[in-house]
Structure formats: C-alpha cells, structure tokens
Amino acid sequence: MDELLSEGLSLMVYGMGFVIVFLTLLVIATSAMSRIVMRFEPAPLPKAAPKAKTMSSNPADDAQLIAVMTAAIHKFRNDRKGQ
Amino acid sequence: MEALLSIWRDSGLSNLTVGQVVMIFVGFILLYLAINKKFEPLLLVPIGFGGILANIPQAGIAYSAVENAFYFGGPEVLTELSHLLGSASGNIAEMKVLYADAAASLKAAATFVAQDNGYNNGMLYNFYSIAILSGAAPLLIFMGVGAMTDFGPLLANPRMMYLGAAAQFGIFATVIGAVGLTTMGIMDFSIQEAAAIGIIGGADGPTAIWVSTMLAPHLLGAIAVSAYAYMALVPMVQPPIMRLLTTERERKIVMSQLRHVSKREKIMFPIVLLLLVALLLPAAAPLLGMFCFGNLMRECGVVDRLSDTAQNALINIVTIFLGLSVGSVLVADKFLDLQTLGIMILGIIAFAIGTASGVLMAKIMNSMMGGNAINPLIGSAGVSAVPMAARVSNKLGLEANPQNFLLMHAMGPNVAGVIGSAIAAGVMIKFVG
Amino acid sequence: MEALLSIWRDSGLSNLTVGQVVMIFVGFILLYLAINKKFEPLLLVPIGFGGILANIPQAGIAYSAVENAFYFGGPEVLTELSHLLGSASGNIAEMKVLYADAAASLKAAATFVAQDNGYNNGMLYNFYSIAILSGAAPLLIFMGVGAMTDFGPLLANPRMMYLGAAAQFGIFATVIGAVGLTTMGIMDFSIQEAAAIGIIGGADGPTAIWVSTMLAPHLLGAIAVSAYAYMALVPMVQPPIMRLLTTERERKIVMSQLRHVSKREKIMFPIVLLLLVALLLPAAAPLLGMFCFGNLMRECGVVDRLSDTAQNALINIVTIFLGLSVGSVLVADKFLDLQTLGIMILGIIAFAIGTASGVLMAKIMNSMMGGNAINPLIGSAGVSAVPMAARVSNKLGLEANPQNFLLMHAMGPNVAGVIGSAIAAGVMIKFVG
Amino acid sequence: MDELLSEGLSLMVYGMGFVIVFLTLLVIATSAMSRIVMRFEPAPLPKAAPKAKTMSSNPADDAQLIAVMTAAIHKFRNDRKGQ
Amino acid sequence: MEALLSIWRDSGLSNLTVGQVVMIFVGFILLYLAINKKFEPLLLVPIGFGGILANIPQAGIAYSAVENAFYFGGPEVLTELSHLLGSASGNIAEMKVLYADAAASLKAAATFVAQDNGYNNGMLYNFYSIAILSGAAPLLIFMGVGAMTDFGPLLANPRMMYLGAAAQFGIFATVIGAVGLTTMGIMDFSIQEAAAIGIIGGADGPTAIWVSTMLAPHLLGAIAVSAYAYMALVPMVQPPIMRLLTTERERKIVMSQLRHVSKREKIMFPIVLLLLVALLLPAAAPLLGMFCFGNLMRECGVVDRLSDTAQNALINIVTIFLGLSVGSVLVADKFLDLQTLGIMILGIIAFAIGTASGVLMAKIMNSMMGGNAINPLIGSAGVSAVPMAARVSNKLGLEANPQNFLLMHAMGPNVAGVIGSAIAAGVMIKFVG
Amino acid sequence: MDELLSEGLSLMVYGMGFVIVFLTLLVIATSAMSRIVMRFEPAPLPKAAPKAKTMSSNPADDAQLIAVMTAAIHKFRNDRKGQ
C-alpha cells in the first residue's frame, strides 16, 4: 500500500513538473516563433471596406446572386426529400 | 402454445435483471440531463441511448461473439468453449475470467468456435472495437477539435499557458486522492486506475477516453460519463470556487486588448507544438499530433475543404459511433460498482481543485506582473472544457463590471488547458501504461 | 506474340460466360429502371452498377480471396487448398461446397493460403463484408431513416397503428405462399427462405436486407432487388386494388384535421417504442433501436448537427456502399435460378395482399367507428414504402374529391408500417433464425 | 413437407398475432404518454409572426445577410473546384 | 530521479536518429511546398504531416504491432518472436526480413505474440491498412473524381482521345529508362518497380498509388510524393517543352467551338467506357469501374445526393486518411535510398516525355486533318493533371493570341489522359503484376 | 539484365499498343453512341429565360426566399459552434 502511495506521489511530482516544464518551453518557443514571424512580416494593412457589401451594390450582381441562391435552396430542399 | 411460451421465455420482460433495470434507468438519466439540462448533449445523447441498447435483455447488442455464446449458448457450445479455455468447472463465470486473461491466439480460437455455433458480435460491440479499441475515435475527434480551435488569443499572450498548466494540478491531486482512498482501505484502485480517474480533471472528453482505453478499459464507461457530465457542470461548479478565491477588486480588473496575431503565426504554432511533443514526450504524440494536424488544416488556408469535413461530417460521424460505443460499456457488472461512486466523487473533486489551482496561479502571476495585468477569473478557464469554462470567466467578469469582457482573454488559458491535459495524459501513459 | 495472346486469353471478351452476359444485362435493366423510370434510384443505381462490376469476367471484384484462388489459381494453390479442405477430387465445385461448410478456423486458414499465393479480396467483397456481413449498413440506414421520420401524424391519431399492423399480413401470407409452392413441389424453399422472401412485403429495403442477411444470405440479391423494385412500383400496383376494395363514397370521406402534436410527445415516442421493443421482442432491438436513436436525435433538438449528418453525409455514404455490396451478390450462379423467379412473383403478391389488408382493416375500423371517420384509401399506406404509398393514397383521394387531402392522414399508417414490418422481422428471426 | 407447411402456418399465426399485440400495446402506451405529456404542458401559444421576415425588414440586417450569403456562395463555388 | 532519467531515455530528443531528422525535414519541405507554393495541398498537407508523425522517435505511430515489438520490445518478446519466426541469431534485422517473407498464418501468429506483450498497431498503420493495403482509398478517390469530371468536351470531339493516348508514352518511356539504368548498373529496379515508377508519368495521383500498392509497395512513399509534387510542377515543366515543339503560327490556331453535348450522351459515356474495359482489360476494371460509377452518379441526375457526397464529404474523408497513410510510409529506411533519387529523376523525365508526345501527336493529327483544326498546345493536356494541364494550354494559347480560349478544348485530352493512364495501369498490372 | 531490358521493351510495345487500340475503340464506340443518341433525340430547345430570375421578381417569393435563407444561415452559424 505504501508503495502505491509513493507511486502516486512521484506521478504527481514528475507529472506536474513535466507539464510545467513542457508548457514553459512552449511559451518560450511560441514567443520566439512569433518574434521571428513578426520580424519578417509587415504590419497588417487596414482591412479594405467589406467586399461583400460592395459587390451587392451592383444590381446585376444582385440578380445573379439571387439566382444562384435560389438554385442552392431549391437543391437543398430536394436533397431533404428522398432516400 | 410452445411458440408463445418461447416468445415469453425469450422476451425482455421475463429476463430482465435488476442490474439491467438500473442501467436502463441510468441511460434515461443521461438522456434527461442531455436533452432537458443541455449537459454536453452531443456526447450524452448517444452515450445514454447506447447504454439503454446495451442493457436490453436477450439482445446481446453490446457483447462480442464469445460473450454472446457464454450468455445464450446451449450446453454443446459451452462444453466446447470450456475445453478450449481449459476450464475445469465449465462454469460461465470461470470461463469469462479465463477468456479475459487468454492469449490473443486463444481468443481468436474462441471467437471461431462462437461463430461456428452461430453467435456473432453485437452491433455496438463492433462499433466499440472499431471506434475505441483501435484508439481511432478519440484521435479523430481531437483532429476535429484542432480544426475548430483558434489559438489566436493564446498566441497573443503565451504566458496564459501557465494557467493551463496550473489547472492540471487537479488531475494529479485526484490521482493522490484515489491512491489515498486505496491506502486507507476505502476503495481499491491500482495506480493505472487512479491515473485514468485523475484525467477526468483534465476536463477533456476525448483525452479521458483515450487514456482510460489504455490504462483502465474496464472503467471507461464511468470515466467517460463523469468527464462529460462534469464538463457540463462547469457553470455550476466553478463560480463559487472562483468567488471564494478572488476579491471583488480582482474580479473588476479589465485586461488590455489582445494584440493582432498574424496568419503566419497561427500556421507555425501547431508545428512548433508538434516538434516539442515529438522531442520531449512521444507518448503524447498521437493525441497532440492529430490535434496539431487538425489545427494546421484549419489555419494553412489551402485545404479548407478538408478542414470543413474534419469539423463537420467526419467529427459528427465519429461522435455518433464514439457515443454509442461508450454507451455499450455501461453494463451493470462493470458500472454498478463502488468504484463508479468513487470515480464520480473523485471526478468532481478533480474539477474543483483544477479550478482553484488555475485561479490561484492567475493571482500569483498577477502579483508578479504588477498587480492588475491579469484578471484571476480567467485562471479557472485553464481546466479546458472549451468554451464553457471561458464563458463562465466572462460571466463572472461581467457581474463584477458590466464593461469587462473577459471571453477572449479566457480563451487563451482555455485552449492551453487542452494542451496541458494532453501532456498530462502522455506523462501518465509513459509512467504507468 | 505470347503477350498479345495472353492479353486476349485474359480479356473479358474471351472469358465471358452466358451467365455473366445475362447478369450484366440485368444490371443495365436496373440502371434503366432507376434512371429512366426513377425506380428508387438511390439504391438501384449502385445496385445495378455493382451488379455489372461483379460480373466482369477475370476481374474477381466481388470474390473473396479464397474464391479468387479457386477461379484464377494455378494447380499448386488448388492442390494446397484441396488438401486443406479435405477434398478428395480436387474439383473446384466440391471445394466450394466444402469451403462454404467449413469451420471458421478452416476458412481463416484457407484465406491465408490464398493470400500467400497472391489472391486477395476483391474490392466489392470488402465492401460487402463491412457493410452487409457485419449487419452495419442496414442499421445505419435505419438510423438515418429514423432521423428523417416525423411521427407527428401517427401521434395525432395512434389508432392508425392498426393499419400498419394489418398491412403486414402480406408478409406472412407470402410465407405461406412460399411454403405452399414448396409443398406442391413447384419450388423448394426452406422456412428460413420463405420468411426472408415474405419480408419483401414489408416494403422496407433495409429491413428486407437485414432479415435476408440473417436468414437466407444466398437470396440477398434477389430479395433486395425485388424489395426496391416493388417499392418503386407502388404507384402502379396499389391503385387498382384500392379502387376494387372501396366504394366511390368511401373514397370521398374527408378526414378531420389532425391535432397539434407537441415537441415533448415527439421526443417521448421513440423512447416508448424502444422500451416496448426491449421488453417484448429483443430480436427486433438492433433494427428498431437504431431507428429510435435516429428519431430521438431528430426530435430532441439538442444534437442537430448529429441528426443532420445522420440524414445526409452518413446515410449517403452508407447507401453507396450498401448498394454496391448488394450488387456484388448479383452473380449468375446465385441469381439466375428458378428461386429468383419465385421470389419476384411472391414479392409482388406480398405487396398486393399487404395493400388489400390495409384497406380492408381501414374499412373495418371505419365501420366500427361510425362510418366516416377514416377514409379507407389510407389503409394501403400501411405497407410502408414511405412516402410513396402515402402519396398514392392522397392521389386517389383527390381523384374522388378534389378537396380531399389525405397525405398527412396517410403518413400515420405509413410510418406505422415501418414499425410493423420491423416487428414482423424480429418475430421471424426469433422463430426461424 | 407437411411439417414445413405447419411451420409456415404457425409462423403466420404467431407472427401476425404478435404484430397486432405489439402495435396494440404501442397504441395504448403512446396514448397514455400523450395524455401525460399534455397534462403537464400548457396549450401551445399562437406562433409569433415569422421572425425571418421581421428581421429582413431591417435594412442593416439585410446588408449583413447579403454579405454572409455572398461569402457562403463564394465558398460553395470554390469548394466545387479543386481536389 | 529514475523517473526523470526514464523520461529522458524515452524522449524523442535522446532517441532521434539522423534518418528521422532528415525525414521530418522532408515532411516540412512537403508542408512548405503545399502551403506556400500551393503544390497539390489537399494531398501534400496530409502526406507531409503524416511523414512527420511517422518519424517521431519512440512513438511507433506508423508501425504495426509486430514492428513495435521489434523496436521497443524487451528480451522476452524478442526471444518469443525469434523462435516463432525461426531466427537463429535473434537479430532484429534478420527477424524483420523473415517476417516480411513469412506466410500469412505466421504473420498472424507473430501479431498475436506482439499483442499478448502489449504492442499494438500504431494509429497511422491502422489507417494505412484500411485505406491503402485494402486498395479502397484510391478507388474511392477515383469515384469522387469521376463524380467531378465533365466528359462533355471529350464527347464533343472524341478524337481528342488520341492526345490522351499519346501522352501515356511518357509512362512507358520511363519504364525503359528505369530498366536501362538497371542494365547499365546505375540503379537496381525490378520490372515491377520500373512499371510503378513509370506510372508517375500518368500524372494521376490515385492511379499511381493504386499501381504502386500492387507492384512495389515499398516504393509507395517516393512514388506518391513524386506524383503529386510533379503534378504541381506542371505549370513550370510543360511550357518550355510546348514552346520548343510548336511554332508561333501553330500556337495561334483558333479552334472551332465545341458542339452541344446532350445529357443522354453524358449518361451513356461511362457505360460505354465500362463495357469496353470489361471486355478488353479486366485488370483496369476496379479503377475505371469506380471512375465510371462516380461519373454515372453525376450525370444520371437521379442520385444527386449521392453524387454530392462522393464529391465532398466522402472524398474529403478518404483524402485525409489516404494522405496520412502515404505519409506513414515516409520512413528513413524506405525513403532515404538511392532509389528515391532515381524515382524523382525518372518521374520528371516521364512528365517531360508525356508532354512532348502529346504535343507531337497533336501536330501529327493537325497535319492529317488539314493543318489548322487542332492547336498543338492542347496536346500537352493529355498527360492528365486535371485541370492544371488544361489551364497551362489555355495560358499559352492566350499568350500567342489574346482571343484564343483553349480551356474547353484542352479539357478533352485532359480527361482522356485520366482514362489513358488508368488503361496503362491495367496493362502493367496484367503483364508484370 | 538483358532479359529485364527485353521485358521493359515488350512492356512498352504492348502497353503503348494496347493504350492506342483501346482508346481508338473508345473513339469509335463513343462516336457511334453519340450518333445513335442524337438520332433519337430532338435538337435541344433554346433554353427558357432563367427561371431563378423570374421567380425572384415575385415579391412574395422574395420574402419567402429571404426567410428560408435566414433560417439556413442561422443554422449554419449555430452548427459552427458546439462540439
């Protein structure tokens, strides 16, 4: 029984120790990686105005969009039947 | 008349054992919790239903071919099996023990005998073999979870990793608890069983299933059910502990906005993690490897159709089979045991200790970093239980200060907890597996 | 030159047997019916195509490793197999019989010999083992069908269940027909074969496949093809019978609107059904259990992503494999037999009797309930063939009275028919399995 | 042969009998279940006006809706390529 | 302390071999090519990641149970295995050779021994068995590709088939190359290996995997990686060859618009193709059979839900498993070999010769048909690599004449190339398999 | 070694020959098939004006369409959560 308890204790010590060591190394590796990546990458550009909205301002596109969607929904409904 | 008698003789009603009635009732409780209380329904609905199916008398849905021969076979097949297994008494209970300890070649021979006599694997047993015995289902779920996980918040502030580490203390404290109960003579757990029970505190279903498949397969049902049930209880278990260990002022701390994390960092992270695992703890490589693979598919941006499938069709299919398979081990003689009670109690303690460790670690880090960089409420998210634990942190933050949105800050420790418990799983398998 | 000769010698053209030509032709007929006539295309396209693949000479796509060794093996492997199987003559026909009757361990040994000599399972044989021999595919289809089924109309009027019961008379009458033909010396069916044929009258593909896998696997091809073909013929077979057995006045009966059925009733129904099956007929538990599981996923509202997958990706994948696997047993020596003709004839009779029983039961119920509560046209929907049979009832109702929409009323007996034939399947497996 | 016939007949009698008994019990159990459920449940409220329509009357929502849909369709098209 | 030492002793870091380091590096190169250069990412991301997983030291993710016992087993299990395999020396290298050559029954016995000692198949080995050893994955991918392929452009101008035939010359020229290198003593390829290498020139991933599984499974990794890498290189490899072999005037040829192809022709085409394959080359029937099945599901219009699943969920799932499985054979002792270098060089030569043959055949056909019916640029599309090769033709056409859209014209030879290389695969399996 | 070379050469000759013969037969069979099909089939009618567009000109349909799509998108978003 004593043996079991000592097994349990060493599992706790080594296990918890390993978890902390591993995650510490992961913090270091991740930080190093981020620093390297950021050095080679320009600052992110300000996002362009939402494309989707721009697109939908074109009435022709809108019609096409509706057409595509109608077809998609039609298909979706049909798929639900059958089997 | 004979036929009517035979229908009655083989009906469920006339064969029902007390154990089956209780286990079917347990199945209904799980369904009730899943459907009415929304306790992790994606897993508990299939587990509960599978548990009911497994306990239908005379159906043998969850038994292997040999078990079906044991339970439903006539004298000829039992004689043949007792010769094969070297059972002197021909008693079924003795044969089951002999079979469980038999060499793989003898098991194959017994299966052939059962098949020759018309007994086959039940459907749920087939699912269990393919999904769980092979180890595939938890790994595929982990791949899907990887494909759903955004490591952005963790990358923005990698020190959050320490919160994910601290919360794993619940796992190991529970191991000590299980070992202590055994030392005191109250329970009887081996070190393997204690380790498998501890992992419930990892608050991660697939990890718990994977570990218990390897260390204590006979406890799989109780461990999986506890793991998912307690993950669902996070919104009830954590808040009192969190309030107890933090001051009102601490809970009001507003954290600074997270920095932008670039696509490239997100792509590199699963690779860095995989390399560290490969170099330091190969035992955790299957689990974290699949997790990193899923995450790389998500972030790399060139295999969106694979990532979508991993997050949807594939993980759903695997979830159905995994749930039914876990349900299939919810049989009376395995589940209705004092051990199960011990597992339930230790599991909830594991959660509580993990939560407390996370909060305390956050307070330590906070005081080391000047005092108001980290809101200690996010420490509890380190247990994982993604994304529920992070939402709990957010909720308590809002209670203290209606402008204090902690959700994104809590996602860092939350996903770190997934990594932490997978590492803890690897250590346990390495040491006692 | 030798090489050219060898190409010719091993080509399909120079090895084609009459049986293969006929079976490939049968495959094309199934494709024609599926594509041009829209006969249950989801199953008949894969079945028809699988049938063609299975009959490509020299390819062995539908054979097991041992069968491939039998058909394409040189003298050495045949000698080795004949020693193993204890065949005195070394004749392939004798060896096939010995192999079919061999113990499972001997079959495994023969497979090893075949593999050592470079013969492997054909692709369709692998699909067949996994999808059909294991029993998994029909059960998974049933889960998907459960997830697609709305029991609302049946719950609104549970007495419709009797129509689903009555229509199963077609199943048992056909068993008597098969047995009678055998008694008269016209055919030669065992009771197991008769039972498997009868289930065609259940108008439910997965049930028919599941039952014949267990009771008469050598008839699987003929039974599955008949079942799906006749389900497609419902709009032609049923109307004359329905018109014959009903008066114009009866067909004009307008049924009162169905009551609202609450979400909670829909959630409870699969559980009630599962409990009854568990208590009374465990033999039907795998089939109805998966059906109830699918339906519970649909109705419980908390696992929509699993329910969607069960209804879409998963059932489609399983359907592809199931169809190809059924096609793989469409080989000449199993299919081109007088038995197949008997099965086709008995199958259509089963449908006709089931339809008539349903209509007559509706008339009896109607007269017992005052005379115009039930339109007898909905009785025919009790055969199942969801939702085609219900649409036929609706169509004939509209013919008699353009304001008479019977569709929803007919859905009750329609889904009751699914339950009824699964129960009939369980009884047959229990009695003669 | 006679034995086969009698086997067939008894299969019919017991089988059909069992089907009817089972479905009768199911009628009884289902009706009882419905009655119990309905006792504990208030009458269903009249359905609120369709949410979807209300939502789409808000022009901002509409624009967002279109944006989301455009993205979805775009994705759908892209998925179709490849492999 | 002992425990810490054991962690270190079993860590990846202290067990890493040079071969593993190199192979992990190869895995990263594949990921880099896939993610940054968009080289066939759907396959190369899983292959690259699988390759890294397979080379994690001490994890045994890609090993079978017996291999795991060899590498990680203690003296007892090694003694037991050496007795079983009849190894005098008990040396692992000798046992591996004996095991590889052992009869199937002996392999099964060795697996039982390994399992009894606690060694199991690694996860990737399980995937490899199911996806590749069984032959299933390439066939299912081909079914999905069939469901994605539009044969309209080929049906509008069936003579384009000759371009697809000519481009297969690359395959057979490469076989001669491999054989020649062996004759000259530079390399050492058997005729089976030469054939498997040649198929890289078919520019079709699943075909290459299927052929090498049957003819040279130990080269699978190198062949699959070459095949997918070179398919991605099509836009770089082909243009110089195309420019070299065509005049400016030829490149300017505008082809007449393709005629409308009716739905019915598209439905009939897979059936005609299947029949021809069945009659002439049964060895190609599994591959082209599944391809035709997928295409029939696409075109027949009555099984859209199956076709969608074959093109999406199913092919994505299979791609994930296939990729990881191919990655699992990227182990140092199989991959880091002079043969791999030979395969890489021969593969690129195969592509170049195939491209040239296609262009030259187009020029021949053009001169036979009056001189400006066919733009020779579309000949290169005959290698397959759908749709990349066709896009290359289109691009060079637009360069020569901005109004010259060749894409649709090039799709004909492009899909013909898929058929052509599947036929070439069948011939090779028939002759040297 | 010589044997290997001759094996390789005959593989090339027979293989390439077979590929050409097969594809020639496929050209013939396909052309014959197309001719037969076209004989039995009337020329394709000019396509009707795109259905989808016509449909979406009906405002009631539009509302319904939006409702259906909203539901679909809502579902799509919800599905993304969970697991």
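Which chain is which? They are A, B, C, D, E and F, in the order written, and residues in each are numbered from 1.
As a working rule, contacts are C-beta pairs under 8 Å (C-beta built on N, C-alpha and C of every residue); 3 or more make two chains touch, one makes a residue touch a chain.
By chain, UniProt protein names: A, D, F = Probable oxaloacetate decarboxylase gamma chain; B, C, E = Oxaloacetate decarboxylase beta chain.
These numbers were taken from a predicted model, which means no experiment stands behind them.
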Of all chains present, which has the mean Cα position farthest from that of chain E?
D
Among all chains, whose Cα centre is located farthest from the one for chain B?
F
Averaged over CA atoms, how far is the centre of chain D from the centre of chain E? Could you give it in whole Å?
44
So what's the Cα centroid distance for chain B and chain E, whole Å?
38
Report the inter-chain centroid distance for chain C and chain F in whole angstrom, where each centroid is the mean of the CA atoms.
30
Mean-CA-position distance for chain B and chain A (Å):
22
Could you check chain F for residues that touch two or more other chains and list them?
14, 18, 68-69, 79, 82-83
Indicate the residues of chain C shared as contacts by at least two other chains.
3, 7, 42, 280-281, 305, 308, 312-313, 319, 427, 431
In the complex formed with chain E, which residues of chain F make contact?
1-2, 4-5, 7-9, 11-12, 14-16, 18-20, 22-27, 29-31, 33-34, 37-38, 41, 44
Sites on chain C touched by chain D in the complex:
154-155, 158-159, 161-162, 164-165, 168-169, 171-173, 175-176, 178-180, 182-183, 190-191, 194-195, 260-262, 264-265, 268-269, 272-273, 275-276, 280-281, 416, 419-420, 423-424, 427-428, 431-432
Please give the residue numbers of chain B that touch chain E in the complex, ascending.
103-105, 108, 134-136, 139, 267, 271, 274, 277-283, 285-286, 289-290, 292-293, 296-297, 300-303, 305-306, 308-310, 313-314, 427, 430-431
For chain C, which residues count as touching chain E in their complex?
3, 6-7, 10-13, 16, 24, 28, 31, 34-35, 38, 41-42, 45-46, 49, 52-53, 56-59, 61, 109, 111-113, 115-116, 120-123, 126, 312-313, 316-317, 319-320, 324
